[in-house]
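In what follows, chain A forms one complex with chain B and a second complex with chain C.
Our next item is the complex of A and B:
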């Protein structure tokens, strides 16, 4: 079923048309407008602070896309996605710091892009390893194994062993100038912003394309009823593992991207908290749509920034509020999840869909 | 040999505390079908409340009692405000509400009490250890174990012999039948949360006595998960056995595996064990097997 409203009397005549990217001129215009805003308007008018907020949103979107794929499209609930983001970040960092790159690759600035790709593949494979139990268990038990993935990867392997490589102790710091794509050294919020934009758009496009292919339909079938899916001839183990691979791949890209924005990476950035955060983001945004991952990220990041801005004027009278803002943030996030689950279980994407419908059907909404 | 015995006894004693908290978890799951990921934060709240009372100069047992009462109230409130509206929603929704609750509780606890380690001052239990033959056991461990055992007995006899406990058992067994016989399901859910809050609070207080109290005591709430998976999600004896086994396992891996894998092997071992165990026996030792039909 198409999700686009067409003018009266026009119908899709083939499956291909039904799933085309730009079905009406209006949609095309809308996307061009969005592109203009993202690429020209925001970099031009936002200051460094809001650019860094945008970068944070982009990072959250990249992380949440994988979770959305696993939970929203494939029905495999995961509470350990930060582990795969961490694998991506650490692979990329280690490749940049320790790998003996040939001189000419460094000169043309390919080291970082290559390391992003390798990091994504490594994170994807790592994710498949922990997706293997999904062949046998599901539901709550799968949640437990993904939690185990989180603790084994981040709290044990990375903290105890990977962090010791090179004798640096806890944190890896990337010397300035090592993060370089082609001729550009990624050193300002603006450059990180453009990189974030390109990566996010690539990932979203890739995921959306996957979702309208055979693999995407298989995932949705598995989510809706895995036994029926198997009966219909879908190799569920293969497609579940594929889902884990793609989710880990995007998570790896997220991690490898984020090191460009961090002065030093340490296991602290990838705690279990962050896994839960990503799941919370897609629940707030709406499970089962790519819009959901984006809306959720924008909502969570912006709301918390606004909360922080609101707290600052109060800080003179109650300095504890600003000092312990991290904890307020946690508590707010928790309450937001609870409130959304209770009052708006379909998330923001559903609201968006309703608003769109209202205008599409206006003035006769029946 | 001494090391073996020491590890075993310590493991069993710490495991007793885990068993107590696991009991609360299983109770919620049995009665209302909620898979609770906020158990660690429940332990934190109980522990901090009793610590606050204790540092005001109130005797330990009395402050424990106060924290039980506050746990009771908070448990009922939590159930009424958050969980009551979610009966019959999908698993993920309910789990994520408990995750949201855990964030909320954790943030609140950190905001009120800070993140520094706090100790029970003056120490509740005498510091000098007891010697039995070659064994040296800290009194804290012994008393914690005894307290956990007493509470386990109290809770189990509550289910077996009181009217309310029987109502809870009936609901857990067959909700529809219990409802038609006049058992109030809402009462049972509230009671389950209240008991879980209380059990977790006592567990947290005891653990806080052993190592001092900070946010990492909430990690206990995650250790409960391997314990209940081992015993089977809906089996009370399973929770007790699972808690003790996980306690022993944790201490053994700390004592013997640390040489080979330096670092946090003690914290990770229960989860590795759980992941492997799930592959072979996902329904635990005494859990009900679910047969799926299309």
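Our next item is the complex of A and C:
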């Protein structure tokens, strides 16, 4: 059965219709409106600062999607997702800086797009390696193995070895003009914004499609009860690893995308706190829903920006606030998670569902 | 469409009903016209509405009809159908008609005695049962009905260990049919061509509030003229959707699915299960609906109960829009123009509440909703008009193949049933009995010439209902002649009227009003178990059964309050003075109601003699010691005291 709330007189004669995305004119209208806002309204009216906030949101969404897939849909708790984002970012950077691209590819500006794809695949495979323990271990033990992924990848391999390539020391800097898609050089927040939109929509579409396929149903079955999933004939190791691959793949895209926004990349961008942050995002947004990853990202990024705006006027009186902003940020993160766990344990996505239900059930309550 | 020489059927110019036209001829004509292009019916299965095109419908009926002939069906043989509303049931009926047999439908929930009576009385040769349950019923009477040859089933669930010779599956019958088709490829068309409109099509057993069911013989012509005349009043479109969920053994469903459905060619939709019907109706959102009042009463009750449970804001919006709705409805009933500011308010009510409310009830797309088969209370009727649903009363009976009187758009009065449909004459005899003459009047009762003589006199159908025609030419149906009360002051009084008013309360499921030639009126009430139960839960009242709940003093207060509401605008002699809550709901399985849920007054009066006596004495309780029958046939002994309450002014 379709989970969409259908108005009276809308019914399905085939399973294809039953699983279609935009089933009613109301939903189609809503999506068109959303498209207009994203593609026309925001680029037109947002200044560079708010565009960069939007880009931050997009990056968080891309990162959180993978975490949502692993935790929310497949039940594999991960605390090392930043590692795969890092693998994507570094793969893409290295390919751009070091790979001897044939001239014509550079001329038509395909180096960066190709590097995104390769980065995604490499990150996916890297994720599968650290997903292997999930065949044997569950719960707390899996959390530890994924944390190991973080420390081995970022703190050991990337910091100690990868960063030394080319003898640049800690950071890779990307010279202006190297990030180029076709004829467009990505050199402004607006261009990054458009790229972010396209990539985010592609990834969400792909993930949503996977979730309504056999793979998606297998993941949910594994999450709900891995033993009964296995009894039903699902090869749980295969599907768990597939989940790790897809999560790493999207994480790789996130990393490769993010270098367009950074002048220089260094391991500090992919610390363990970022992995934890992404888990916080889906907890606040709602576990087990794509909406949740989006809502959580918007909420976390916007709240922090507002916090920053609130702190700046106070800085004259209390300069310590500005100096210790990092701690305020982390304290807010902790507070938000606590508050959500107590007051809205199902996250913002559930609240959204309730709001929709309120009007769908109008004028009744059930 | 080109004239079709193979069947000799005239081209499809409108729906002219010639004496030659039969239901199968019309069916073949429509199937040829629509073919694979249009969906004839849908059935909800495994979550989706599976379409069946006219071509598939035709193919199935054809092989089934030929299969029946291969099994030995001859002209005029009776074939019975029993089961839920499913495409296969309708195929069975259509195949019977195509094979020149006569169709008989049984109610799905008929008890075994009723099944036996009808099968035996109708000389049924074949019986279409849906699955194991129906097959069991048929098998248990097989030996007692010598004329019954074969039992046809189609749902294989639970049928694995049934190997009796008299059983055959629908698929096997169709195989036989296809084999016969190879032998005689023109047989099907020839048979359809042979049919004439005045031949008997269906044998319909009327529910009868008084005696054993009588079999009414309806011809093809009866059925088709009936449908045409209704469609003349309220035309339907071929793109319409109709949900078929009421028993086919009820003439109203035959009228909508066959008489009208076949002529218009709209799509019939069959629900997944009888239990999901309400939900499925909401999904389809039919354009036309015909249901007995109890369906609408149930909808009203759902709305009332859900309203009570809604949050404050939602309740206020609901209250406001209902007030507006009632005002507009009353203006319409009195045929006054609606001032522009009320139209604005109406728009507000529509946007804020009514649109969504109709959506919840599955009435969003309804053009015409009909109710008939029993009396509907004015409160319910106004409720739907206040919602903006074009609800119409109709009046008819099995003996006129459906209906004879209906409301017209913009000429709706909630205390009448409207004006006769084209081709129908209605008169009132000197005794006040309603009589009808039309091409749809039936041929007579099967094997019952006496009853036929009583009912059919000089082409007029004597209905046994009392009524009159008002100044606007609308028919007002009072009640069954034998049910009309004479009050203390000599005035006639229709108990139905009071009963339907009492039923407007969501807490009351059924009521039975007594008071013919008595000093005052009293009532026996049946509470609605789920609604009152929920109410009691909220009040933290403990109960374990219907019986216990019904006898709680708080529940008596609740019911008394509802009766006082209904008493309000009645003259003193017509007010309910004493009442009691019955320890059980009235049930067709106990013969207290007919299968269409009409109260069998004479029967209940006899059965609950003690209660009636107590109501007309000065006692304040009555002791009951009785046996009740459950649906699965178990019996249980009941001993209880029923409280009797006197309502003081």
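By definition in this document, the second predicted complex is superposed on the first by the 359 of 366 C-alpha atoms of A that agree within 3 Å, B and C clash if a C-alpha of one lies under 4 Å from a C-alpha of the other, contacts with A are read in each partner's own complex, and residues count from 1 in each chain.
Heads up, the rule we're going with is that a contact is a pair of C-beta atoms (placed from the backbone, for glycine too) under 8 Å apart; a residue touches a chain by one contact, two chains touch by 3 or more.
In this text the structure is predicted, and so the values were computed from the model without any measurement.
S.K.: Between chain B and chain C, whom does A:296 touch in the aligned arrangement: first, second, both, or neither?
M.R.: neither
S.K.: For A:66, using the defined touch cut-off, is the partner it touches chain B, chain C, both, or neither? Pick first, second, both or neither.
M.R.: neither
S.K.: Between chain B and chain C, point out the one touching more chain A residues.
M.R.: More residues of chain A are touched by B.
S.K.: Which partner does A:18 contact after superposing on A: first (chain B), second (chain C), both, neither?
M.R.: After superposition on chain A, A:18 lies in contact with chain C alone.
S.K.: Let me test your reading of the model: by the given contact rule, A:255 touches which partner, first (chain B), second (chain C), both or neither?
M.R.: In the superposed model, A:255 contacts neither chain B nor chain C.
S.K.: After superposition on the shared chain, which partner residues are touched by A:286: those of chain B (first), chain C (second), both, or neither?
M.R.: neither
S.K.: Which partner chains sit in contact with A:9 here, chain B, chain C, both or neither? Use first/second/both/neither.
M.R.: In the superposed model, A:9 contacts chain C only, not chain B.
S.K.: Touch test for A:147: chain B only (first), chain C only (second), both, or neither?
M.R.: After superposition on chain A, A:147 lies in contact with chain B alone.
S.K.: According to the stated criteria, A:88 is in contact with first (chain B), second (chain C), both, or neither; which is it?
M.R.: Neither: A:88 stays clear of chain B and chain C.
S.K.: Do chain B and chain C touch any of the same residues on chain A, and if so, which?
M.R.: Dual-contact residues (chain A): none.
S.K.: Can you name the residues of chain B that touch chain A in the complex?
M.R.: Interface residues on chain B, with respect to chain A: 35, 82, 85-86, 89, 91-93, 95-97, 99-108, 110-111, 114, 222, 225, 229, 233, 261-265, 267-268, 271-272, 274-275, 278-279, 282, 292, 294.
S.K.: In their complex, what parts of chain A are in touch with chain C?
M.R.: 1-2, 6-15, 17-18, 362-366
S.K.: Which of the residues in chain A come into contact with chain B in the complex?
M.R.: Chain A reaches chain B through residues 71, 77, 79, 133, 136-137, 139-141, 143-145, 147-149, 151-152, 155-156, 159-161, 225, 227-228, 231, 276, 279-280, 283, 287, 324, 326-338, 341-342, 345.
S.K.: Using the touch rule from the top, collect the residues of chain C that touch chain A in their complex.
M.R.: For this pair, the touching residues of chain C are 39, 42, 47-51, 241, 282-285, 306-307, 309-311, 314-315, 317-318, 321, 352-353, 356-360, 362-365.
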